[in-house]
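Note that chain A is present in both complexes that follow, paired respectively with chain B and with chain C.
Moving on, here comes the complex of A and B:
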């Protein structure tokens, strides 16, 4: 009974949710009141939330997020995709987001698949590729231990980075980033795009492979943590991380035995692409979310990914099931004369960064890109602060200087999203709607609430 | 249409900033297109695609800034160029705000963490209350669930969780509580005193507080347990815990348990717990005409050795005139209605609760059927006012009895709306005024306005009920 005296012994300090008049009545008595800006969750979640709250998901979520945070992602090698991803050896192409059929593919995904077919020699020209595309066997990157930004297309001959869990046994893969503008991942497929991919296979991959093998593994988590101190969010800004990567790899590149022109070209290529590190940050995230998957009863979000048509999520406790909704349009800033009318709906696996506490969740660390969130540093801080309410923990390594070094909000709990209506904020690039156009802008997108409503219901159904 | 392409060496801006500037420049009247960007390969290509002449920027590199403007004329281009400079030099957007305003919490747990709260007051719709309450308990908060319509299975789970964590759940359907003199929900302003109340009934607790206040006795705590706490399913969980907590508080000199008659087995448990208390306990199980809130208050005064006082009555200048007809009661408090009904039916025979019944009737406008989708009648009187208005002009009405509940959470000036209706009433009007001397509405002012309108006003609900029944009987004789 001593516990009750904590109520009767002290002046009440009251947290309220509901009728405003009752909060006002307390304040009229001089009581310190903290109101919740409570809003009713969607009616379709009420039963499911009751079930999940009765069962108490917090233990399972803690377990899942601990696994997520126990991973130590190290970049260990560059290899050819078909040698490490069995599905590719059988001729399957991978793509971003939830499963999709050719006929449902948006412009940029279709464009990227066409480009990859040309690159692989599976078609002689774009027209033939467009006709034969529906014969392709497709699989989400996420089903094959991989992640890809934007269209996220991985075809058998592409070089991929190998990220290994130094604290466990997991592996994750990502293609190497091609740069901005007309690139495959934004659905461009002309000769220049394919030629660049070939150069990446012929020069970039072996040169980097040799440098990494000479130097030894690169600890990506340390690198990302430093980049956050230098103004990156890990999604829309990777300038600091890319610079740090070049410092890490620089000496080993110099010591390489291939021609100096090639090594210089590799250095210039990475230096000229602020997003080079994005793919590696994503793969580090993939390693983490795969470790967190499969905890019974856990409502922790282990995947948020978009294929340009649908936005999909997966939970730790609902196996391989995807919960999807139409991909939203990104609210953003546009390059040159492009406008929202040119924008494709949201696309890419890059929301993996938000899934592990980066990107929109680390917005407060990245004052340089506050233009995406209303233009003020205060707005950026607010975005990050809002995310703490839907996350399970704070990241032990990814810290935000302006928040006095507080860890980023990490590990999205789908029940909290459904309860609060606060949806994950995702920083992202914007692909052109038409195949071949490429990047048209960048901005902010909100994960559709419906995915979380459906996921929470499925999790509750499994528990009844 | 004129094109201007300018190159500024060595002026680096972040690309996001430049996209914003481009947007602002393009928005200038008369500007057809613009590009303000670092001269990277990508941006040079964009410049080409937009149809600008690239010869002006042949020697450009990624550290150089391009400003390209296409406008309908020279003055428009000048305006655009000025807009570009403003964008580059000035703040990127409205910088109002600052870093200090955190976003509001959305759950009661988050609100609790933001304020180091020890108590959660939950008044969300009943269907949503369980989730908030359970999570609040798990976060170590005591909980008051003001909401009704919470499933009894959820009430059982909440109370089990609270017991395991050494916490107290007040409610669900707990309208009134007082903790250390602080009123929660609908509560009258009391002096901090030696009385600790544990009750299933909101207006029962309020009436008791008011009667004690009239005798100069204050209340330290009033712990609401919820209307179903003493049912077999719930097993008296909150009552037993509240009783023990009040007994353990040295500042509490007398405990009062107010309830409807409990489930027999639960009643036995409560009796045993009462017997085990070191503090004197007054038990008032309402339901019989001889057990009222007034008799309970008198017992408390006896235990404390405080002399009883006449409870206040405010009489109109012209005495009430009995007239033939049925007794019509209009209540906002369920327990006040129940108590009045027991008293009236002892003298008058059956008193219905249905608002359409022909004979004597007393309606509780705070019952679920009247509060679906609208505020409680202590806050929003409109439904009760409508019924009252038609009753006072109805020749079948022999006397009107109504309650007026003051205190925190209630209507800021209920009599302002009631007095005009009372003023024009043909039948006599008796009011049960539930208020303390310190209530924010001003009890004396409220009483005086009712009295001036011709009503007879009683602080004691039981006394008001006796008086109303007597008026009907007198007319019949």
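Moving on, here comes the complex of A and C:
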């Protein structure tokens, strides 16, 4: 809207892409020129793109995105992580993003692992944990049917939500959201953090478990779809979804048989945390992307995830391979006295939301989110509109009211990213770069183009 | 947005206002002309407008709107209507809109009065009630510190919410919302309707009363402001406000001492009715307009209300006088097999929401509302933008995310309406025209210009 207003009301500005000669010629005539940093893909990539087109990449993508959209995520239970994730039963700890070794871990991931070791009784204090951390067996959540926001650490005795595909056989898991500020997933690990985790295990998990078992499964797709009509984007604005979740479980909590104080405390805990639904939305997305994986020849992006050091993606047609680049810096709003100097690079599995048509892709549904992540409402609309250029379809359930109910841009096609240079728009929290600090802000970030170019080249290589 | 797109992409359409000669000249050249029905105000009204400007109407309006915005509506209690509204203690029944006699009542108002007589035991059956209805003493809600949606009937033993001005001494009352469909306020009165009213008195009211007294007052202004960030307009979309209300009282319900079944039933009843908050938003508005009343020389609209037969307004500077016109027809979406032929003209005190910067004035915050009342999201934005032309200020708390947080257009100045011919945009439910039918749809309606012209003339007359 603002874009068009500007076009009508002000002096035109010329945007140029690629050929510098044109920009210079205009500037010589006193015209203001805005240079886009787009350049044609390198010859090898053009060749790769041509190979994929010849091999009907779009047919493969249609098949993959149909599978992505066929899942019906239902929240069915709360259980202990080690009881459902075999790797955890063997003592492995999970983390967000692509695979990583202890020595390469960023501060917040290391902080979260330290906190989880304290929580599990694997160390007596932070110092011991920091020393013994390199002995931990680590695995990406994404390899274990799970997803985790920010550091994304899942340790064996943490409670996890179980999300089941009511239209298939898939399962996905996510921890329960701790709230904002000084919390494990942002790398904090002091007593307050570990005590909260213990309360979540002792009170929150069994109380929620009883409520969910009493009322029956909660249809997360319907809930998320409604939340988008109420200003959520499904990533950094989940106030509506959290409100609707409390409506879903309220009566079952009231009718619960455990102590009234615990049930009231659980209601207050969720009411006090507008991000509570984030983890459940992420697990719903994990079900969708896992269903879309493994279609030969498909360039559909099935994973975008960051471990705080690297940003990694996976495609439907390239198996378990990760294509990574250094995790980018987030442009955001900072809490209190924190500044960009305190910020860790991009971290977390939460870009799963953008991978399934939410988050940065659904920001036009969520103009109020700009108060949290920065930018303008017009910019939020523009981000969504831009994402239609790199996606395969429009979501049949996730719809944008201000765009007259148009479905959100869904299913990123890596060939479109490589061809246009338009990269996925992500909104995200910002962790402090030092272990122990916690959250320092929230903002906007763009996926690194290189991941998509490398993935496209690899996909084409596999077909030649 | 769509307007500007159309401007850029398609053949221009010329809009003309007033002078027919210009339109005809263009049509002779094959140009499509859209005639607006605006015409200059009659000479007497121009004279009245000039008198008011000379007497500093805008100074008086600033004073009135400041008072309107100074109130802080808090929900503090649930009580029985006759205990707080003296007229009810004497047996009077209240109704929406300007004063009316039984013989002039529309079908839905008559139906609601019949239902209330049955509920009160003032008649044994509908036939008897219809015969004895003309013996009832009737008074507008607005004369008794109350407001009621649709028929707006309040009878002595109904429970009402008490809204208190935390920044002053005002009080306002509203009944509790019954839900949609076959309900009293839409003119239905069968056993199901009356039984529900009895349950509301027996279970809902005492349970809510206990919860509110336990937790303390609920700040409705903060709640409504948040709901506008979540896609509500405060009139026909109250899903967010109702969700937030359940969050506010959930823990207190959990900790209640009355039977678990009643408390769970109350939670489910409110959860099942996304319009539950409407009545409370209306009562918050009633506090605001009552605070703005009585400023000499002010043309600020302090009441817009309809009894199903007439649409009436009151100004701050014209005391208790009502300026009325026939209630207009609503342009809307109809439920099931109902059509426009089944619809009663506009009815209800709910245009109080538009009077205080919500409802039709806040529709840009609520693009999803068009699924309920019809129209387009672009049209919803346009309605809000147009209302800035006839309002005194922008609301400091009620803000529109998609307009970059701009405050909603607030405080209707009748002189601006009379001068421009731009009339208040209202969204509303539609009642069946026959008593007993209930809700048949929801839609959009415009306040009749004549009320505003008459009011402006009367205000000026009083100053000459």
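Note that the second predicted complex is superposed on the first by the 417 of 464 C-alpha atoms of A that agree within 3 Å, B and C clash if a C-alpha of one lies under 4 Å from a C-alpha of the other, contacts with A are read in each partner's own complex, and residues count from 1 in each chain.
Everything that follows uses one rule, which is that contacts are C-beta pairs under 8 Å (C-beta built on N, C-alpha and C of every residue); 3 or more make two chains touch, one makes a residue touch a chain.
Source: prediction; values computed, not measured.
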First (chain B), second (chain C), both or neither touched by A:279: neither
First, second, both or neither for A:254, with chain B first and chain C second: second
First (chain B), second (chain C), both or neither touched by A:267: second
Which superposed partner A:368 touches (first chain B, second chain C, both, neither): both
Which superposed partner A:377 touches (first chain B, second chain C, both, neither): both
First (chain B), second (chain C), both or neither touched by A:303: neither
Partner contacting more residues of chain A (chain B vs chain C): B
Which of chain B and chain C A:402 touches, first, second, both or neither: both
Partner chain(s) touched by A:58 [first = chain B, second = chain C, both, neither]: first
Which superposed partner A:240 touches (first chain B, second chain C, both, neither): second
Set of chain A residues, in rising order, touched by both chain B and chain C: 1, 4-5, 7-8, 368, 370-371, 376-378, 381, 402
Of all residues in chain B, those that touch chain A in their complex: 14, 16-17, 19-20, 22-23, 26, 33, 35, 37, 40-43, 45-47, 49-50, 62, 91-99, 101-112, 114-125, 127-128, 130-132, 134-136, 138, 141-142, 146-147, 154, 157, 165-168, 179-180, 182-185, 187, 189, 221, 241-242, 244-246, 248-249, 379, 408-409, 440
Footprint of chain A on chain C - complex, ascending: 1-2, 4-5, 7-8, 226, 229-231, 239-240, 243-244, 246-247, 250-251, 253-255, 260, 263-264, 267-268, 271, 367-368, 370-371, 376-378, 381, 401-405
Contacting residues of chain A [partner chain B, same complex]: 1-19, 21-23, 25-26, 28-29, 31-41, 46, 49-50, 53-54, 56, 58, 179-182, 272, 333-337, 368-372, 374-379, 381-382, 385-386, 389, 402, 416, 419-422, 441-442
